[in-house]
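These notes concern the structure reproduced below.
Just so it is clear, A, B and C label the chains in written order, and each chain counts residues from 1 on its own.
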Amino acid sequence: MPLRKILAGALAAGLLGAVAACGGGAPSDGKVTIRFAWWGSEQRAKITNEAVQLFMRKNPNIKVTTSTAIYDAFFQKLATETAGGNAPDVMQMSDRHLREYAERDAVLDMRPHVGKEIKTADLKQEVMGLGTLEDKLYGLPLGQTAMVMVYNPVLWEKAGAEKPELGWTWDDYFEAAKKVSDETGGKVFGASDFGGVESWFKVWLSQQGKGLYTADGALGYTEQDVVTWWEMATKFRKAGAATPGEITAVNPAGSPVLRKVSASEFMPDSTVAPNAWEVYDNDYALAPPPQVGAESGIYGEPPMLISVSARTKQRAAALKLTDFIVNDPDAAKILGMSRGLPANMKNRAAIAPSLTGAWKQVYDYEELIADKIKVGPPAPPKGAGTLFTLFDKYYQDVMYDKAAPADAAKRYYAEARQVVAG
Amino acid sequence: MSARPSTLERERPAPPAVPSRTSYGERPGVAYLFLSPWVAGVVLLTVGPMLASLYLSFTDYDLFTAPSWVGFENYARMFTTDVHFLNAVWATVKYVLLSVPVQLLAALAVALLLDRASRLQGLYRSAFYAPSLLGASVAVALVWRAMFSADGAADRFLSFFGVRTGGWVTDPDLALLMLVLLGIWQFGAPMVIFLAGLKQIPAELYDAASVDGAGWWRRFWSVTVPMLSPVIFFNLVLDTIRAFQVFNAAFIVSNGTGGPGDSTLFYTLYLWQKGFVDFDMGYASAMAWVLLLGIALVTTLIFRSARSWVHYGGGDR
Amino acid sequence: MIRRAIWHVVVLAVLGVMLYPILWLVASSFKPNASIASSVGLWADSLTLGNYASVLDGATDPPVWRYFLNSTIVAGGAVIGNVVTCSLAAYAFARLRFRLRTPLFAFMLATIMLPQHVVLIPQYTIFQQLGMVDSFWPLVLPKFLATDAFFVFLMVQFIRQLPAELDEAARIDGCGPIRIFAHITLPLVKPAMITTAIFTFIWTWNDFFTQLIYLSSPDRLTLPLALRGYVDLQESAASFGPMFALSVLSLVPILLFFAAFQRFLVQGLATSGLKG
């Protein structure tokens, strides 16, 4: 690694040589040690650690150390570790970052191991796409998730709003949300402003047969699409159907629904935690997103992937753990739906009867939309992580009434094209 | 080391009675003995990474693959095609100009207020320092947003005086001001340094001034300020450097987006985004060195001005 | 007497405004988890000790005392390192003459002007080569090598504030620089050393970034890392209540540390025997 060479020159080489004696997981007692890192809540950590304990009981010669952080922190740390040549052997990976790591040979192509160490026969094939780049398998799906609308049925009913059902339209949503806002006198808004969230824009595009990116990594939508989307969001906001900018603005206390100032919001169903209703402190129900035309537009996607470091010194053990997390039936019982529906169909069927509470609701929702789901989009290009932030940033100008949708969309689109072009 | 000089040292010939200012009688080696941990730190941990980042600033470096030399391209991009760079500079300059003077004045005022004998003094000192204990955690972010949300404490306080803000987080200027206030609120560090400095002023000087019939204001200007000047100077330099690098507050409170618009896109926040979100570490390194030059320029100006207003008891050797 | 009362009133009024947010924080730690995110005011309908119970019940892995222990080790080590090595370096810069003094001092200042994010990866690489990643060494060792230029500069300023005549007198008495440092300078800059100790302890205690990068194993995690785990807004899994409870608990040691050491700040020249 060149950076290290530069450093070695700058430093007293002898000093380093004298002390440097650490190799990851040198098997002194016949045991190998690997590290497994993921992002997520404390709850996910608890559950995942339990599964890892089980793995170690089943494989007494492998010791797994774990580390966890929340999303942003996780990727800052992962980038530093990877650059420093000390990436975790097994890591949770997001589709937005996969290409950055895969194209720079930081994560392993697991294709040669498929059918041997890694079994994919029982995995839902439709969700394998996001981890696949040019036929190389860089990430296995850790589950399956779909966009869902979480809403408050009590308020909905009180306001006399039409119950959201499969096939309902954005116009229906506008009417319903408006009624809820009116009913509560603006204390609780019918909808959280959705304009700035790229993931929802993606669903809306997909309902019209488009996508965020084309297969060759260019933008899959036009400037006019952005204008139309932002104008629709602005219509919601101006009519008081959706939350105003002040409330929508990023808040460390959580989204408007979490803060109980909005009655509905879109999210990936994998993020509905088992104690979600307790956190929301209210009655909540799940519904499919509204539609533009005949298509639901919902993708079945892995909420996150699992990848193996390309430079792991313990490849066999790392692959074994990866396969265990994805396929092992006992692990599946522990992991439940902490990362969405299990991608392994046998495990999915096995855990279904024992589900309760919020997870049961998510399961039922997935059943409801099962035959409407589209095969996930291809893995996004480099720069996807940047665009995700940029999309929200330019919408803020609209949301705070600092710019008209058309004007902000124009500036956004110009910069987005630049980012994707590299 | 024993408290009394050893016989050996006592037998050494006495130095000249009136020493010249330049000779201190020590071998230069002694200085490096004192400096040895620092020098080791520089060699082992500081100089290598600094040189590495300087080199990387002239390369296209994506963290994972070998850097490739691009000359001054990164530097040129900052001032030509990058639409956010100047916004980041502007947001940071505004932050520095607003937060540094106010924070230092507040810290000095409270330090003076507390610099008197009182049984409750220790308690007060701790209480004023309390906000600074919090650092920049999620809890602080939540607290701060709660204070400045619609119907929060700040708005209720202001509307008492008939002022309507119309929302702190959605207005570019107020969003910046919200972060400036967070910085000012945590003025504990300069306050403590001022207090320590005040304690170091010999009481005789005040006694002498009082005997001369000087009032509080006069004592303040003729004794406190000159005697405290090295500490004022220190706080000014360090606070300026730290304000230029403001990161945590914006990262935590606005979740690192720099919004609304680019109004809170502080320089290091943007640098972090470039390096760790966009994987453009070459560019981030170039930004870092531009910042270093900027801060060095400002610091040099402060150092230059110090010759006319900073007074050292030990002489400015 | 009236002046005294006015003084107290002024101090208390300023304090009231300043401490309101902290009061809010403490109040939040007694609110039920679900009502925290939505409440803006100080008071809640119901108060609970449940947040503290859930933090302290030992169900976390590792138990909460472990985070406190780890943070104490890191912060304590950092304090010793900074106080010892920064004062040594500061004395050299402030009082001794050597050829490279000015350029080295300028270089030292430059080290704090460069944003840490760009030296993070090279530094990580060094610690990785030294086999120190996922231990406390990367957090403590730099402090023993006086890399905190802030504190070197702080002590330089305080030493330069001391009358030069003291050193001259001691030197005439036959003291060498080491002796002058130990017996004259150090006792007189006690406030600066206490300041260094207090700041180092608190800043290390609260530092998130460095600890995030270098510590991985669950049983090596420190308080700032544990605190971040409670709220992940990417998931709808926010345990605000326990997070506030642990935040309040984690403030206690640094508040005690500050309260215990701040009284030494009072001992400036006035009480350290300059008159003698």
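Here is the rule we go by: a residue touches a chain if its C-beta (ideal position, glycine included) is under 8 Å from a C-beta of that chain, and two chains touch if they have at least 3 such contacts.
Note that this is a predicted model, so its numbers are computed, not measured.
S.K.: Would you identify the chain whose Cα-based centre sits farthest away from the centre of chain C?
M.R.: Centre of mass proxy via C-alpha means gives A as farthest from chain C.
S.K.: Per the definition at the top, count C-beta pairs in contact and tell me whether A-C or A-B has more.
M.R.: Counting C-beta pairs in contact, A-C comes out ahead.
S.K.: Using the average of all C-alpha atoms in each chain as its centre, how far is it in Å between chain B and chain C?
M.R.: The computed centroid separation for chain B versus chain C comes out at 15 Å.
S.K.: With centres defined as the mean C-alpha position, give me the chain A-chain C separation in Å.
M.R.: Here chain A and chain C have centroids separated by 36 Å.
S.K.: Let me have the rounded angstrom distance from the C-alpha centre of chain A over to the C-alpha centre of chain B, please.
M.R.: Here the centre of chain B sits 38 Å away from the centre of chain A.
S.K.: Counting only residues that touch at least two other chains, what does the list for chain A look like?
M.R.: In chain A, 3, 7, 11, 76, 83, 252-253 touch at least two other chains.
S.K.: Note the residues in chain B that touch 2 or more other chains, in rising order.
M.R.: Residues 44, 48-49, 52, 56, 63, 138, 142, 146, 149, 276, 281.
S.K.: Using the touch rule from the top of the page, what residues of chain C touch 2 or more other chains?
M.R.: In chain C, residues 121-122, 126, 208, 228, 230-231, 240 touch at least two other chains, as defined above.
S.K.: If you look only at chain B, which of its residues touch chain A in the complex?
M.R.: Interface residues on chain B, with respect to chain A: 43-44, 47-49, 51-52, 55-56, 61-67, 83, 138, 141-142, 145-146, 149-150, 167, 169-172, 252-261, 273, 276-279, 281.
S.K.: In their shared complex, at which residues does chain C touch chain B?
M.R.: 7-8, 10-11, 14-15, 18-22, 24-25, 28, 39-40, 84-85, 88-89, 91-99, 101, 104, 107-115, 117-119, 121-123, 126, 142, 144-147, 150, 152-154, 157-164, 167-168, 171-179, 181-183, 188, 191-192, 194-195, 198-199, 202-203, 205-208, 224, 227-228, 230-231, 240, 243-244, 247, 251, 254-255, 258-259, 262-263, 265-270, 274-275
S.K.: Applying the document's contact rule, which stretches of chain C touch chain A when the two form their complex?
M.R.: Checking each residue of chain C against chain A gives 33-38, 60-61, 120-122, 124-126, 128-131, 133, 208, 212-213, 216-218, 225, 228-240.
S.K.: Contact residues on chain A for chain B in the complex?
M.R.: 1-3, 6-7, 10-12, 15, 72, 75-76, 79, 82-83, 100-101, 104-106, 245-247, 249-253, 382-383, 385-386, 389, 392-393, 396-397, 399-400, 402, 415
S.K.: Given the complex with chain C, which residues does chain B contribute to the contact?
M.R.: Residue list for chain B touching chain C: 1, 3, 5, 9-10, 12, 14-15, 17, 19, 22, 24-26, 28, 30-32, 34-38, 40-42, 44-46, 48-50, 52-53, 56, 63, 110, 113-114, 116, 118, 120-122, 124-140, 142-144, 146-147, 149, 151-153, 185, 189, 192-193, 195-204, 227, 230-231, 233-234, 237-238, 241, 244-245, 247-248, 267-268, 271-272, 275-276, 281, 284-285, 287-289, 291-292, 295-296, 299, 312-317.
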